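Chain IDs A, B, C, D and E follow the sequence of writing; residue 1 opens each chain.
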Amino acid sequence: MNSIFLLLNILPILFLYQFGGDLHVSFSLTKDFTLSLIQTPLGTFFAYLSLISFLLVTVSQKSKKLSCNYYALQLLLSFAMLIIVLAGDFITFFIGWEIMTWSSYFIISKSNNIDIKSLQKYILFSLASAFSLIAAIVISYSFANSFDFATISASFKSMPFDIQLTLIILFSLSFFTKAGVIGLHYWVVDTYSKAPDLFSSILSAVMSKMGIYGLFLIYGNIVGYQELKIMFGTILNGTDFGYTLAWIGVATSIIATFKAITQDEVKRLLAYSSIAQLGYIIAVIGFGTTYGVAGALYHTLIHTIIKLLLFINVAAIIAQTGKNRFSELGGLIYRTPVSFVMLLIGIIGLAGMPPLGGFASKFMMYNAAINTKFALILIGMLFSGAASFLYCYKLVYGIYLGHPTSKGLETQKEVPLSYLIPQIILALLLVLTGAFPGAFVKVINPILTQFSLKALPYDGVGIMDSAVGNFNGLFIMSAFVAFFVLILLLISRIKSKAKNNINRFDISYCGEVPSKDTSLHYGFGFGTELHRIKFVNAILKRSTATFYDALALQTKRSSELLSRMYYGNIHNTMIIILLFFSALFFIGVNS
Amino acid sequence: MIFQIILLIMLAYVVGFIYFGLYRNILARIQGRYGPTIYQSFYDSIKLFSKKNTVNYGWMFYLGPIIMATGAVLTLILVPVFSDSDFLRSATSQGNLFVLLYLMVLGPLGNALAVGTGGNPFGVMGVVRGLTRLIGLELPFYIAVVGLIIAANSSDIVHIIDMQKTGGLNIINHPLLFIAAMISMVGFFGESPFDIPGAPQEVYSGPRTEFSGKFLALLMSQGSLFAFAKLVLIIDLFLGGADSLWMLVLKTLAIFVTIIFIGVVYGRYKVEQAVDFLMKIPTLIALLGLARVIWFG
Amino acid sequence: MESGFHGSDLDSSLKCKLEESGMANTHAIMEKAVNWFRSRSIFVVAYGTGCGAIEMPPTFTSRYDAERMGVVGVATPRQADLIILSGYLAYKTLRRVIRTYEQMQRPKYVITLGSCPINGGMYWDSYNTIKKLDDYIPVDVYVTGCMPRPESVIEGFVLLQERIKNGEKAGWQKYDENLKFYKDNQKRVLGGHIDPSYETDWYNLENGGVA
Amino acid sequence: MIDLSSKLEKLSLELVEKNAHLYKVTVKLENLESILLSFLNEFGYITLDSINCRDDLEEGLFTITYCLQTEKRDHVVMVQTSIDRENATLPSMHTLWPQAEIMEREMHEMFGVDFPTHPSLIDFALEYWEHMPPMRRDFDTLEFVNSMNPFRDQRGDNLDVKVEMKKRREEKKAAKLKAEQEAAAKLAAQEQQNPDSEAQNNE
Amino acid sequence: MSDLKNTIKIFHGPQHPGITGNMSVELDLLGETIKRAQTHVGYLHRGFEKLVERRTVVQAFTIVCRICVPEPDPNEENFARAVENLTGLEISEKAKYIRTMILEMQRLATQFLWMGGQAGSIGLGLIPQWSVCDRDYMLDLFEELTGGRVYHMYAFPGGVRRDIPDGFLDKLSDLMNYYEKRITVYNNTFFDNTIFKSRAIGVGVVNADEALKNGYVGQTLRACGIKRDVRRDMPYLKYDQLEFDIPTRTEGDVYARALVRRDEMLQSIRILRQIIKQMPKDGEILQKIPKHRKFKLPADDTYVQTESARGAMSYYMAGDGSEKIRRMQVRGPSLVHAYTLLEKLLVDSQLADVAMTMNSLGICPPEIER
């Protein structure tokens, strides 16, 4: 089963590789409505991203016994995403969007530990996103008389300002919901954590990127970065619009980072981390400068790699141990060493540490902020990065380091190879992007040209170049490896007997001896200290859940009010309805 | 190039150890005692390297201190030592200030993995304290560095040094940023009131609890290298670098002694108090400095 | 018996190499140098086991300043070279002291203060203190007195430094060589509730004793 | 104090004045709890300073003393009672005074007094103690020490002083005797050597 | 136990730099917040009460000072006074003055050592270096007076062992002047230190009602506004003829206890100055007491209290008509503080506060378990 669908997953990649480039297909439904697929550099980038992700996830699904339905739905999802990124008009785009929503909804509902509430959350927010999208589409159609991207883009300049603004806000809301901007992230965490373990990687790595693609489509293609600058004016060296968006992104990133640290469930931590990382992308996506767009694209790539790697890793551990909390895991390092190394590479990337690819993308985004002189944005991003070290460490400590919290973990075996192969590929990718940050410039440059922005300078495959400083990824990587090996050799020459595999209870414990019943794993307590810091506590104690719960309550009450009509006095109801319609009628006549 | 790198590492090693010897001496004099010889840190290091056995909890525990040392060496070679000559700064052009900011954390994070492997709850508590403190500690430092980067419109340290040759020293141009960065530096040097991660009265010995023998020696050695790198970074950013060895020693020593004097008269904050403090006063100072850079500078 | 612990100071491969190149006496010189460094840097684990702990603060602070001789305190036994057993040891403390001693890394030394560890001192008829410490762990230097003054403690340090410098056989070597003797004594006095020794499988001492 | 003694007379108890700050009441075990309660609630003795236990081996009793103080803390009243040494049992006072918990825990360990209502009769100072409670006077600490610890040979502290003194005296005596004998022998030898001289002297 | 579900267990002691002496506190932590604390003692148990039973009065006298190591003199005083109470010995005026003097000297020395510990517990390494050295000057005087630095064996039943050396009072007077100057320095560096204030204020708050009822003593009691001092309430030796105040605070937290201790140091200096002035030139220092074997205690019991530097220390002593002591029980100030109070104060406080709280309660392990 798995291998069939593996093949089916490879096919579109081969297809895109073979026939890609200037794909342009259109079907006429009626005279006015045409469904068209146009391949743009941006679309191609996202298409490859999603297709390869699906392929890798399918590889890792080998050891799970999944039904044919499941694979079919996943394939449908993959197809939907392909439609989205290749769409040439809004109808096609919307069709893809809906297929994506529904197919993913069915996959999520297949999970073992999903509850009805989170499922409802997911579908409600997806629908809200779709409604907002369709409203925007309808408004733009009423002005441009077309669903075609190019036509709408051309007529956008002639629309009145309030319509322009409404359109941008509606589109943005729709895509923000998908990406999980703070405030609209209510569904993200529950869904990510309760979806099937491997499917969470798709949700985080690919589906959230569709939101990013949508934002690129609107800001870059439909509106155009030049137009944004004219529309909103400038602040410092950037646009007002970019600045506002950047604050949204940075706030998302900081809040989600602190939320992530205090989670006890592994996948919830990853979900919040995903929100935080997308916050970075949103922060720079509106800058409208070369580095802003390049940084956003680069981070999209890196984040996809990292989140696939981490979610597959965690899924493997959960499948193997049956435990999904930091307070229940721990001490797996010498039982599952390969998984540990993979996770380690993943978190080094996630933290944005220099030898790996995570740094290159962050550097690009920081450059963007310096260019525009958005100092506070830059500080916010750096600050969120510094705080993210905590959850990165919690991730690796809670699962692999420390002490095992239960007996099963002491005899755990390494995870199956099918989980490891995609991880190894992704880790290699991460290392390569770290060593050759310049290689990606060639991928980005066509997209920059598409947005009519200046191309990035290219100084060589190892160098990431920018106006405000450059770094040589290859040098840093090789110097790191060289020094590491050198110091390792020097230290291992010193024959101070370092006895291996010392008993894990032989720790300095104030003269006492811990026993097997002594709880020594810091997994749960980790991060609870943050509540005592006033600033962080202010973030942590607030939750969007309270807002949405209140909203739900009010909705319920108003619907209760409405429902009285059905069992109330029929005459009164009729009178109310009559009054309502006559009021409408008079308003209509007067206007 | 390789020769220069080796020379630089040796210089930093010697200077770092002598500084720590000096540190212990100055501390002793303030406390009203004679103090150890100036080479005491060197003796300690040799003694620890020659310990006959060393506790080891497996390969990750072994590699942790090595990652930390690698991070320190990498930081060191990316910092330009002299302002005028290209001597000892062959690798500087390969990185920039952002690389340094992250490399400064890479080592401790690598070591944190080893601490976690050791499984000592005190060690992990120390690491968590360290990382939590980092949230507060980085904020003023980042603001100061970002201010300088925006003022120079470059994240290249050599460029920042060159700017100061013509435009005056940054300590005079941006005194607020300097103050904020120095407060952070007190913490980066593990001085009171920010010496929270390894507080012996609270968490035993913090991250170093389980390290012994050669690992501890390696940690101490990298500490001195790293301290030198941090000092040079500060003088590069704010004091226009050093044009000769004497100036280098003079300027770094001035910074170092300032940090010691701040550290000696204060007790230790609790971690939340430290972060609260760092997020208020130094951050405010730094933000004022930053506003000056953006709108007037 | 495990014999790896009481070998030469430098590792055997280096020794072989030195001998090959005809520099055998370099080895002796280096060993001497290493011993000198060891004598100049002594880390003391922070463990006040008895009354003598009251004279530790004066010894380590500004009036007597042990740091000028390279003697400083550290928090954990892992980093320490020396444990100062300051006075009588209750059985409950002895258990922790043995644990702490075994966690220290070789070379390691023991200094005791007062007369109680030698022969029970004032508490010779107390039911809860041990009377002869060197039955349980090896002692390098006894500093007598009740309490020994800081000057005598420093004299004890100097004596220990001399012994390290001269490369004399230290207590930890005796402990490794006569493990069975010490473990039997410990078991006799602490009963069946002896803490596990993670370095030594002392239930199988006949079979080598290494866990 | 007259106040307290008159109050106590109603309970038919006698207050003994030991000195200006110390008074003593002896009560029976069955009244103990109610009297302590009235001390706490009625007489204003809100502080329990300590609980002491004395082993009167000869009478076969434990004498328990509760030392109470008022809010002013200007005098101490010792409330004393006796319990049987064998199967010694006392009511726990931790509900009246929280600090009694630890004091009773210590008493349990050191004397083997049982407190049926005590919440935590765990180890206090000793660890894995398997012998007789050590503070009982029939626990011979010297014998215990000798059975557990070999003394260093050079030290004579584990020897009985009386025996040693006797031995020494005898040694001295013996030495003196020997010296006398030697002197006598010497004298005899001299006499033997110079019988002539003696003879001469005699002459 | 349900709230201990996700906690970790650590030990704070016995081999730990943050513990006062050789004891340990077992902590269950959630994060760094303490959910349960349990004190363990017994690492220093010597069975003093048993040892004393096997000894005559004169023999026992030499070991009682070892019951509390940082402050032996209140033990000697208690022992001597208990024996005097039982046998009806009256000591001379001069002996009373000398004993009062040595008690106050000991109080000062202990407070200096405490100051080092308290400052060390918050990582202020400078203060221990200074204050331990300052304490050492007092130890020099002890040595001159009694022959011992730490253990003095001075206050013998019936008086004191030897007379004051020539010129001793002048030296003491000089030292008082020096200490007064030093306390101003400590005021600036330690008691007014912003970080000490920010950490100590509001931490380890003791409730006043509870303090009275649970038998807390010393500064713990006085820092929550209750003016109780054995020297004033049940005066012994010459305290009823000396002028001194009892400093109190109302906050009841660690900082209040620190300030009370500082004020007490000043009061001790004041008392010592009065003693220096009033010290009688001549007088018997030791009453005639029976010989070693004939020193018999009547079959009676007594209870004495002395204000040590950390609170009231009580001895219960009973004789049985022989030369040996039937029973001597020590109730030091630390017992209730280390168990009832500490275990309660630590719950829901932070790991970082443990050493500081413990120090401020003046816990001394050897007198808990004797």
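Following the convention adopted for this analysis, a residue touches a chain if its C-beta (ideal position, glycine included) is under 8 Å from a C-beta of that chain, and two chains touch if they have at least 3 such contacts.
Owing to the predicted nature of the structure, the values given are computational and were not obtained by experimental measurement.
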Neighbouring chains common to chain B and chain E, by label: A, C
Pair of chains with maximal C-beta contact number: A-B
Centre-most chain [mean C-alpha coordinates]: B
Intercentroid distance (Cα basis), chain D paired with chain C, Å: 37
Centroid spacing, where centroids are CA-atom means, of chain C and chain E in whole angstrom: 33
Chain A and chain E, separation of their C-alpha mean positions in angstrom: 63
Gap in Å, rounded to a whole number, between the CA centres of chain D and chain A: 76
Where chain E touches two or more other chains, by residue: 8, 10, 14-17, 32, 42, 45, 47, 50-51, 54, 129-130, 133, 350
Multi-chain contact sites of chain B, meaning residues that touch two or more partners: 31-33, 50-55, 121-122, 125, 129, 200, 204-205, 209-210, 213, 271
Where chain D touches two or more other chains at once, by residue number: 125-127, 134, 139, 141-142
Chains grouped in pairs wherever the two touch, ordered by label: A-B, A-C, A-E, B-C, B-E, C-D, C-E, D-E
Of all residues in chain C, those that touch chain D in their complex: 91-92, 95, 118-120, 124-128, 130-132, 135, 188-189, 191, 193
For the chain A and chain E complex, residues of the former touching the latter: 327, 509-512, 514, 518-522, 524-529, 532
Chain C partner contacts - residues on chain A that touch it in the complex: 494-495, 497, 502-503, 505-506, 508, 511-513
Complex contacts: residues of chain C adjacent to chain A: 4, 10-14, 47, 76-78, 96-97, 99-100, 103, 195-196, 198-199, 211
Chain E residues touching chain B - in the complex, by the definition given at the top: 8, 10, 16-18, 32, 119-126, 129-130, 133, 189, 193-196, 198-199, 350-355
